[in-house]
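A, B, C, D, E and F label the chains in the order they appear, each numbered from 1.
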Amino acid sequence: MILVWLITILMGGGLLAWGAGFINRSWPRWIALAATLASFSLFLAFAFSVPGIGLGQPGDWLAEYNAPWIPAFGVQFHLAMDGLSLLLLGLTFITGVLAVLVSWTQIRERVGFYYFNLMWILAGIAGVFLALDLFLFYFFWEVMLVPMYFLIGIWGYENRIYAAYKFFLFTQASGLLMFLAILALYFIHGKTTGNFTFDYPELLGAELPTRTAFWLMLGFLAAFVVKLPAVPFHNWLPDAHTEAPTAGSVILAGLLLKTGAYGILRFVIPLFPEAARDFAPTAMALGVLSILYGAKLAFAQTDLKRLVAYTSVSHMGFVLLGAFAFNIIAYQGVVIQLLAHGISTGALFIIVGCIQERIHTRDIGQMGGFWQKMPGMGATALLFALASLGLPGLGNFVAEFLTLLGAWQASILWTALAALGLIFSAVYSLRIVQRVFHGAPMAKPNLPDLNVREWLIMAPMILLIFWLGLYPGPVLNSADAPLRNILAPFAKEESSIGIAPEEDGLSLSLQKPETEKRKVINSK
Amino acid sequence: MEVAFYLSALIAVAATVLAITRYHAVHALLFLIVSLLALAVVFFIMGAHFAAALEVIIYAGAIMVLFIFAIMMLNLGKATIEWERQLLRPRVWVLPALLTLVLAAELIYLLAIRGGPESSGIELVRPARVGAELFGFYILGVEMAAFLLMAGLVGAYHIGRREKKVIHRYLKKEEV
Amino acid sequence: MSSEDFRSLLPLLILAAASILLLVVIAVRRDHRLVYYLTVAALAAALAASLIPVEYSPRTASPLLVIDGFSLFYSALLNAAGLIVVVLSYTYLRPLREQMEEYYVLILLAVLGSVILAASRHFASFFLGLELLSVSLYTLVGYMVRSRDRSMEAGLKYLILAAAAAAFLLFGMALVFYEAGQLGFSGIGKYLAEAEALSLLIITGFGLIIIGIGFKLALAPFHMWAADVYEGAPAPVSALVATVSKGGVVAVLLRFYSEVDGYQFPVLALLFSIFAAASMLGGNLLALLQDNVKRILGYSSIAHLGYLIVAFLSGGAMAAGAATFYLVAYFITILVAFGVVAHLSSGEQEAEKLEDYRSLFWRRPGTAVVFTAALLSLAGIPLTAGFIGKFYIAAAGAQEGLWVLLFILAASSVIGLYYYLRIIMAMFASAKDPAQRIAPLFSGVGLLLVILTVALVWLGVFPQAMLDMINEWVAG
Amino acid sequence: MLSILESIWIVFIRLFSKKITVEYPDEQFRLPPRYRGRIVLTRDPDGGERCVGCYLCAVACPVDCIALQATEDENGRRYPEFFRINFSRCIYCGFCEEACPTYAIQLIPDFEMSEYLRSNMVYEKEDLLIDGEGKYHGYNYWRVSGMAIGGKDKGESEREDPPIDIKSLLP
Amino acid sequence: MSETLRLWLIVVGVIALLLTIAPGLIWLERRLLGWWQDRKGPNRVGPFGIFQPLADAIKLIFKEDWIPPFADKPVFILAPAVVVFTAFMSYAIIPLAPGIVVADLNIGVLFFLAMSSLGVYAIVLGGWSSNNKYSLLGAMRGAAQMITYEVFMGISLLGVVMMAGSFNLSEIVLAQQGMWNVVPQFVGFVVFFIAGVAELHRLPFDIPEAESELIAGYHSEYSGMKFGMFFVGEYIGVTMLAGFTTTMFFGGWLGPSFLPGIAWFLLKTFAIIVFIILLRGSLPRPRYDQLMGYGWKILLPLSLINLMVTGYFLLR
Amino acid sequence: MTPDYMEQGMLLAIVLFCLGFVGLMIRRNVIFMLLSIEIMLNAAGLAFIVSGARWANADGQVMFIFILAMTAAEVSVGLALALKIFQKYKTLDSDAINRMKG
């Protein structure tokens, strides 16, 4: 039931904020903040109440809620949370609170409707991370898109309409492909077993002809790869990130992209293990391409926000690479990458937002020497730029390292190429710091440093990125069981690769991988 | 009888061809009326005497008069005829005609390959029987047709109603 | 005709009697308000009557009509749609100097024709119902002869094409009759089932009938009238064309096809598939080029009927249910959409250009949100009825393995998304003059639109009740 | 409705009434004496012309079909030198008769005046003048009005009353 | 006598009869009108003036056959032919006596209606093709009037048809053996008769050709034998209406047996013709809108009520 | 009478229907288009009559009567519209009247 509340509070808060917006302009902010905080605290209370994260057996849900929704179609309102969802939900709520705070002063018109959209995006994302019914999953998938579209289209910058279109069309088209695949799965499963249902645990056991499975997998993958985004489908992302308001960018980078990765991990691979393995080389190639191409483009940008956007492409390439490496180390890397990227890139976007609030441009050419006037911001920016390039001690390093390590076992060639991406990332990250904060000072009279609210936003992010870099143990533990669960079909040939020792002295308390065939998960 | 059938069929086709190729609307209508009368003869031969009479009374006698009435009110002049003549150059109608010819040929072919019908001779369906069907089996259909006519009536009345323009009283328009 | 027959025919009788009563009232005194209230009362009564005689159904009240759950459900649906259109019309017509009383008579007759279609099980009632609907619509589409030139033009176009379609339909019926010697659906079905070899002629007959129906539904190769009619007709009439006229035809198509088991002809299935594909693609692609909201909705209706045909084509157990549910969803949605258009149009000035909707959100947020909901539903975004409808269609199609069509459906949905978004974007574009804020949606029409929108969302989130109802009434 | 039937009945019974048609050339029609037909000029009982050439008839004629020229004889008595009526113009209205102060011009019930030549319709004085007094017997204008004779003016002769002074209104 | 020969004889006989009746009627009408107006009517040419129509015909035939240059020639020529054609055709179904009928159709009544509905074309085409505004006005009036009156002309006959249970005229006559239809179907008779007169556009319903308003309306431009055909057509029409009324309402050839059936038929027809002429002699022409209003508002409901009452009594 | 008439009658109906269709496609005058539609509808009526004759029942004629009713209603509205359009545009050219495009 708590899972329902998590979503309901956000949705209700959104509606309330919208209604309040008609009465008073500042109420929506407070309502939104209250709602996100309420959800967050509820979540925290739940998270800490779970006994021994990571100690659970694979396949056990930490919490579950199941109710019939449209029995005619075999659609259930099935929500469930495991360690993976838990982590991503945590990210969601943190980012949500930050997004509310970021928009505090930036948004001046239609405040109520703005917060309504923001809340519903968060609700949709939370729903995506929780849904265990494919229909419900698609439902939430779409619920997060529409408000995002409005967010970009109404409160974005100059070119917002074009960007909003692009974003919506890309994601919607790919979403429909996924929907078709879901339907196909539903019917094939229903016809063979006589049980027409969208329930994820049920469908896990679906037996599919190889060819069909491959096409269905592609249908799912289309949606997730576009969302991720991998290179040929990344076109929407720079525009959307650039034109979105800061909070929108934060949510886009911090959360929306993660839904793609989550989808791959949660649906593509467990539902179609064979097909996924067949497709793995291509997927990894795409991942590497994303890493290199994203990095190259990031380097070439003059628009600061666009630059940061392209770094996302590059970073998410690691996710794709890792997800198709099919081993636990790579997967752990992927999970940490999701979190770390969410935080680091989110923070960079916030910084860009702050800069833009101050000098009303995003053109790098018009920046420079900000360090002198805004040392606080400069330091923060440097920190996150370093995180982005993968400085050890920060979250991204752990993530990228684990990913590469895992990928190495799958494909040496791609891993080697992907490692080049690290070099590129250093180049563009440092370019940000150098061009924006160093160099000839810009003649701008009034450039206040980060204020209290902004520090308030930055502080948790800084803490989190350090925490991820220095002590990722709880995260790894939490994600371990679900990830093994995902990997179960591959476990046979995987054997136990043991525990990879980490340079920074952390040891992973990984459990022994199960060697028996994956058992059908009990849905109740 | 046979001669009568083929003759009237021939007349019907010829008159229809002429009807759709005339430049002048009234002439076309006249040919169409001839065609309808020939069809009435065909109906008669087919044993549908009632329908034959109705064809003449309502189709030729009322609906076509309505057409002529409309054309009289239109007062289409020589210019219209010239314009029709220009429109109806061969290249305009060759393609549609050919296409339709193909369609017709196809249908006729289909008709031909399905073999002769098994019914024996033409039986006269007397008006009394038609009437009994109309007011027995099809009574609701008759009611529907009545409402259909009502719809047509209301529609034609509304559309055809003339608007009297009174420029004088503060430029108000007044409906008649 | 027994009294039970009489009672089961009550919806039809109420509509028919009301139309005559209205004519009498008009003859005595022209009073717009009175006529309006009478029409609303009649439609409401017919709606209620459609829901009451359930216990008597199914009933073959006459050889021409059958009153069963299916026809009653459609009757209720069509009456409700008619009711909404009438409510929309009142404020729309009020500022006009046309005589608007006949308008209501014609709407009643159109609804009557459509209800007849939904109940018909015989070629005679099929054709008469269709024509009653069409003849009423000719005038309704061209109702603004005096104030809108385009209305007149649209009326004529509709008339010529619909009459040609009727000719095709009739010729097809004649061919079928020639072969089968039957005019009743069940008789034809029996003939088809018993005949060992079917002549091509009868299939050609079916083909011609389908062409006629395709015209009426504005399926793709025969869609040329649709956009012009939607644009030219007064906005409430466009809503009527989009709902009542389509609904009745879909109903009769479903019944006809299931009774004669038209699914046994692969040729016809192919024909329908082509229609559906062409409609989905053509409708959506053509809509991309438009700047007129009514035209866009017109083209989108072509596409939507294409979707519907996919459901219909699936032919399985789900076909009727899917098509019906989609129709319900589409009715609500398009009524909201045209309701907004009618609401914003003031008499002689139709709000139809995309420009008219620019920054609507800043001027009339309520209306804009309602319209947005409708457009999203048309686009098939979750939380709206359109999504569930599309899902149901996809489900029905997927069950029969119509993958190509479903793929086209998905692709064309994306194309469709583009122009729906265009309208939405225009509405949310920032205002040039934000000071101009009009009190939103506080009229009766506004209330109606809000109710419909709530229904739209309700169906999108909790469709189960409606699904149960459809299963019980239509499919059962 | 009944009135229509009534009128039909009334017309129907005329079937049995006497026909008023006169089959003219075969059967002559007697015109009343005051019928306004051909115009004639009459003479007074003395046998002299009544016409005094006052032009009143010509003035009164609505179609200007009368033409005359007055003149005087040696006694100072006026008479028309010529008097011409174009009967192809004449409409037989009788105004000339009413205008005539001497009863000279009169309309008689003769109507058969057809001619082949139009010019024959122009009647000269010789054609117009008849030998009788017409409708007014015994009337002699000159006797009534008196006449100036050598040296004596009107009313100055014996057994003559002086003429009425028309300037005075006294009786 | 072979069947074919007999048929031919009848055909020729009917045509000959009509061709003599029509000119005779011209004379009769003028004569009667004269009498009703206290005149004598034509009485110069031949004994009692009976050769007057002959003289008229000779005049018309020898008159120059002139077609106005602005007229639509083919249609202009066609129009008068239609009049005579339809008038002659309708006579085909009227049984003069038992067995003496050209075509004993089982849809006789409908055939009559069909022919009378085709009669409109004569007026419409003649008026239109003359290319003259008065003619056109006459044609439009004629078309509207005739279509209007055709409606309840048909409906008024249905009462008779229902009573006889057949459209066949011989059967209808035979069904009147007990009582002439004019008694039970009096309303139908009145409506039919009025409509019939209007259908013939005879006075008082001669609105399409009203001399005083439209200078002879649709046949203004006609002269010579073309005009003559309109002329003859009108009188054949009168005969036809009378004959048909006789058949439908006055028992056709039925009558006391001291006279042969055909004589009774002709007698009755003659009486009705006289009545039609009497109408011309006695009634003024209504206004156009009065005519239409009268038709739609009085005659149509009347005929419908008649139909319903008849139906009620028959089905009772 | 030979039963062959059925075939021939149907043939006639088809030919007339096609002629009407050709007329509809080649003529641009609204009046002619309406006329062509009449031809098509009438051909359909003929087809019904022939079919009715073939099966020796009254259904064909009944349908024909319904077609008549429908034609009358349709033509009345159509001609009224055509007249209004002529008053407005002074032409009956369907291309000239076609103001809405796209």
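Throughout what follows, a contact is a pair of C-beta atoms (placed from the backbone, for glycine too) under 8 Å apart; a residue touches a chain by one contact, two chains touch by 3 or more.
In this text the structure is predicted, and so the values were computed from the model without any measurement.
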item: Shared chain contacts [subunit D and subunit F, defined touch]; value: none
item: Most central chain, judged by mean C-alpha position against the global CA mean; value: C
item: B-F or A-C - the one linked by more C-beta pairs in contact; value: B-F
item: CA centroid of subunit B to CA centroid of subunit D, Å; value: 74
item: Inter-chain centre distance, subunit D versus subunit E - centres from mean C-alpha coordinates, in Å; value: 55
item: Between subunit E and subunit A, distance of the C-alpha-averaged centres to the nearest whole Å; value: 94
item: Inter-centroid spacing, subunit F versus subunit C (mean Cα positions, whole Å); value: 26
item: Contacts with two or more other chains, residues of subunit C listed in rising order; value: 124, 128, 131, 135, 138-139, 142, 145, 155
item: Residues within subunit B bordering two or more other chains; value: 50, 54, 62, 66, 69, 73, 107, 111, 138, 141, 145, 148, 151-152, 155-156, 159
item: Chains that touch, pairwise; value: A-C, B-C, B-E, B-F, C-F, D-E
item: Subunit B-facing residues of subunit F, complex; value: 1-12, 14-23, 25-29, 31-32, 34-36, 38-39, 42, 45-46, 49-50, 52-62, 64-66, 68-77, 79-84, 86, 92-93
item: Residues of subunit B defined as touching subunit E within the complex; value: 24, 26-27, 30, 33, 40, 49-50, 52-54, 56-57, 60-62, 65-66, 68-69, 72-73, 126-128
item: Subunit C to subunit B touching residues, read off their complex; value: 16, 19-20, 23, 62-65, 97, 99, 102, 105-106, 109-110, 112-113, 116, 124-125, 128-129, 131-132, 135-136, 138-139, 142-143, 145-146, 155, 179, 199-201, 204
item: Residue ranges of subunit E in contact with subunit D within the complex; value: 32, 34-40, 43, 278-279, 281-283
item: Residues of subunit C defined as touching subunit F within the complex; value: 123-124, 127-128, 131, 134-135, 138-139, 142, 145, 149-150, 152-157, 159-160, 163-164, 166-168, 170-171, 173-175, 177-178, 181, 183, 227-228, 231-232, 289-290, 292, 295
